[in-house]
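Shared chain: subunit A. Partners: subunit B in the first complex, subunit C in the second.
Up next is the complex of A and B:
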């Protein structure tokens, strides 16, 4: 037990993910492992993008959370697919529009928090209703097809290795460096630890928080863009599963929900764990109800077992 | 400061705000459709508010404690499933299942505080558990509810329509209990300053268990009423409750700091949010824009708070 508690909180997701891989290997042989892992990597990568954005917001202090992520993800995907189709199938135009839509949404979120002095939970919730409506009017029930280049990129393999998850790992490295070495990252964590102290230290708290919401929106936009590319288009409700899951991933990844402490690398472990878990429960043919119960119990158990991240 | 006597208190102003929003929407509906201004019209307009009011009060109890319940909707959905499967053929089993559900909710709350876990994550995990149980009990929407229950939710009491009675009684009882009894004061103190309550010799875990038990009981009542209205059970009937109930508590003047909530405000908030849907239909807002317009209404009502807060600072 003492050896267990000495492990850093962010390693727990990786350990759990490896444990599931071993269970699956024992149960269904080494042969199926490759396809299981590659699916988990693709969907895990998209979860990582969403969760990393959410992590930046959560890190800036208690109460900061973005509930509009699913709506922003869907809206960005619709806007990007529409723009890409209008520009003759340009994947780049789609990417720019997706990021732009997400970042505008993030700005609107923080604008409402600031102007109406609302708790972030409520402000982002109210905006998510609006974003959802706009997305609905964009595409209606129809699925908007992704540009060919994007669809090809999301499933492109070089020597059997998927490129998209590798690119996202690069982004994770950038996010980790931003948090540990970047000026904005250090400021965001300082604000998360104590808003008053950060303010007296000369940090522009509002600007730091604004950037975190803009980053979160941009991340949701990117995730929507990639997901639309991989699953064959933008669809309503495509973002729904990414709200609760992303928050759980952030927490399991070693980020303190109270803010002031964040870990970008741990998100990968938690995201892989969640996606592998889903696959495993499917393979073992658990009833849908049982799958949910196990999933929920695991979230609670892991949060209870993982030592609380310490604020440095 | 000199005219202090003539100034309404901060809390009263916030109540007037939610009440004002409610009256404006009702006024607009009656302008478009004067027939709605009747016993029957009110019954229809507010029918779905009955379970929401109770679920919002449950959410309020947890926000009072400084917690938040992201499993509210899933729990209410689970109760509708229990009701649709057992209440008619074997009421005894149903009652035991209700009590077990409340006990599970209390256990979740106790665990959260014993291990000092963030309630946002624990209730998030619990929401999957409630949904899983609901799907196991009732895999697809359906089932039957006893005649007396549909009779009760469709009852036409004297003087006022049923939903209005429910809202009035819920508001009066919860306001009296939380604001005017010594136990209610103790509960508010637990949310506001737990250490002080502990120093004064009270058992914090017992008080928290009491709060979670009351919230669980309110959600069971909400789920039973809801299944009476929809005459069936459905695991996914109320996912929007989680967010609507949090919205109702905040619109009603509550805050996430713990210890600061308003029962009357919460009931008004729940009525406002459930009327918003009917209001938008009456205004002929296209279906695709209705949910966006609900967000806009939420903003408008909350924008009033800024003005109220300014006055307080002035």
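Up next is the complex of A and C:
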């Protein structure tokens, strides 16, 4: 077995990200690298937040997925910006409202899955229409401005280092610890491997899954809040790119789509890769259509190279 | 043990030519011998009853005869000619029909359409008319006035009606005649009247020269219609008797001929206040578990033991009693396939091993190591992936998961399936030891001899706990009696 194939699946995102950085360095010189990297870190961090939530849901078993993430992200951002404005520009009120909105949305998602026995893909898609409509009623087409403190935080640098991505790395560390040693995390991975075995091992399967959907909703809420802060406000289409991309990031980050195995750290590599690739294709001035084709081809290529985690 | 298998075929067979005859038939699945060196013959017009415990090899034998399963060895002749590579299609062409226990009708098709599947002759323009006539006349012959709508999808009919269609289809005729029919538990869902009609049909068919193999746990049916009764055990024919005045108790005795096991009875359990008590709401016996008691759930396979076991587990969990479950169906209900021995073993005890929501690695290692050694799991270490272990060792880890937990009640779901004899006896001893320390066990098993380990036994029949056996009264013949009681016609 060669050294390449012995690498853990989650490292491939990091390797691909570094490869793109090198390509860009060769093409446009070292000088532009700083700004490219800092943009990728900010947007990458937001992708990481969304994908980490999605990872928890996917890890709890085959078929579990949250398609309402973009709508929840948008709705939370609208709710948070509105609440912050109403409270005289309090960033903290905005944060609480964003997280609360996301977690309620997660509860509604799992409630529909459980009560109506809907497949997650249908239940979350149905709710996403509702969430999107509610967001529209909040602000219509208008962009809601973020509180000043939030906007300052998202672009704040300490000795040239961006603080927001560092905070998200802290969250990733917590997520990783939850998966390896947290009681809930272990149970979630058990449920993901075998629902029946988990039930007979005394795990309350429904409660575990509910928590994963609530976490996913909360993560989408946080992402919406940060994105609104960084991009200058909540907009109706702000969540659009965070559906398929987040799922691809989860998979590329070393999480099994079949459930039962998850990796929080690998999400960073995959998220950086995606954002750097977007920047690179922009820099090389590909047309939008061409960009998507190249992006799709690269995803397929990398997923094909990555050794598959052993499942059953 | 009655042994007449090697006698001349006798009255019946001497007059009638043999339809089929097998010598030294065997079938192995890997290392497991499901059928070893078995002789079996069936004369024209003869009705043979085939009996034996679950797993005795009855199904394997009839599957070999029917061509559904290829034999591993032995000579097999049909109508005096070597059958060669026997197959289900060849069997059908030779007039051998099968009515299997697992209903083989397609639920989305009507009785008419299901009849078409069996009869290639029903083709071309107007096949549906002819198929309808075929199955309707067969139904009218076997089960007059059944009132079954042959154009309704079978899935919408009751289990009994489906079984009637299956039986009638087995006897239905188009271009080629029926020469022999194998019926596997054909009456398990039939009522008394339909059963009587069925038995009449078997006698009629026999008079018409059709040979019949009847596999059933209902001994009364066999005594009523069979010319000969063949008993199997452990993949062998252990008895072959002509039915001239056989009695039910004789058959039970032949089947229940279990080797006596000498074992120390444990001290009687003190039955004051039960640790847990479960009522099914059906008006049968409540299942009461006292401290240190091992309670078994017995009965023929599929009579509601597993369902009750799960109901007790779920009820105990809801009540807050610490309870653990040892799955016999390891792959789908026990293992976490991506995990190591340690992760698999500790999953039931995470709360006890954690502080502030985080599992302590040292505590988890210590707990795993101690049970790993106590159960002598054969593996390089506790970090070994569970799937790389042998079945018996995987099962030990599942036992360890339950025993290492805080459970006061441990529920065993036929946990020794596919486990070798050595491991079995180690685990029996372990269960008895744990019971001595005050733990209670609820144990469902398909292996009668395991109930020797129980203090009390509930024998199930048709979904209900019908009989309770205590202490010395737990012995194979009593269990069989209670399992069959009232079932025969």
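Following the convention adopted for this analysis, the second predicted complex is superposed on the first by the 308 of 312 C-alpha atoms of A that agree within 3 Å, B and C clash if a C-alpha of one lies under 4 Å from a C-alpha of the other, contacts with A are read in each partner's own complex, and residues count from 1 in each chain.
Operating definition for what follows: a residue touches a chain if its C-beta (ideal position, glycine included) is under 8 Å from a C-beta of that chain, and two chains touch if they have at least 3 such contacts.
All figures in this text were calculated on a predicted structure; none of them were measured in a lab.
Residue contacts after overlaying the shared chain place A:260 against subunit C, while subunit B stays out of touching range. In the superposed model, A:63 lies in contact with subunit B only, and not with subunit C.
When both complexes are overlaid on chain A, the residue A:137 reaches subunit B alone and has no touch with subunit C. Once the two complexes are laid over each other on the shared chain, residue contacts for A:283 go to neither subunit B nor subunit C. With both structures placed on the common chain, the touch criterion links A:82 to neither subunit B nor subunit C.
When the shared chain is aligned, no partner comes close enough to touch A:107: not subunit B, not subunit C.
In the superposition on chain A, contact of A:32 is made with neither subunit B nor subunit C. Judged by the number of subunit A residues each one touches, B leads among subunit B and subunit C. Listing the residues of subunit A that touch subunit C in their complex gives 177, 181-184, 186-187, 189-190, 193-194, 196-198, 200-203, 260-261, 309-312.
Across the complex, subunit A is touched by residues 313, 317, 323-325, 327, 332-339, 343, 347-348, 350-351, 354, 357-359, 361, 401, 405 of subunit C. Interface of subunit B with subunit A (complex): residues 68, 70, 108, 111, 115-118, 120-122, 124-137, 139, 243, 246-247, 250, 255-256, 288-296, 298-299, 302-303, 305-306, 309.
Remark: subunit A residues 63, 65, 67, 112, 115-119, 121-122, 125-134, 136-137, 140, 244, 247-248, 251, 257-258, 287-300, 303-304, 308 touch subunit B in the complex.
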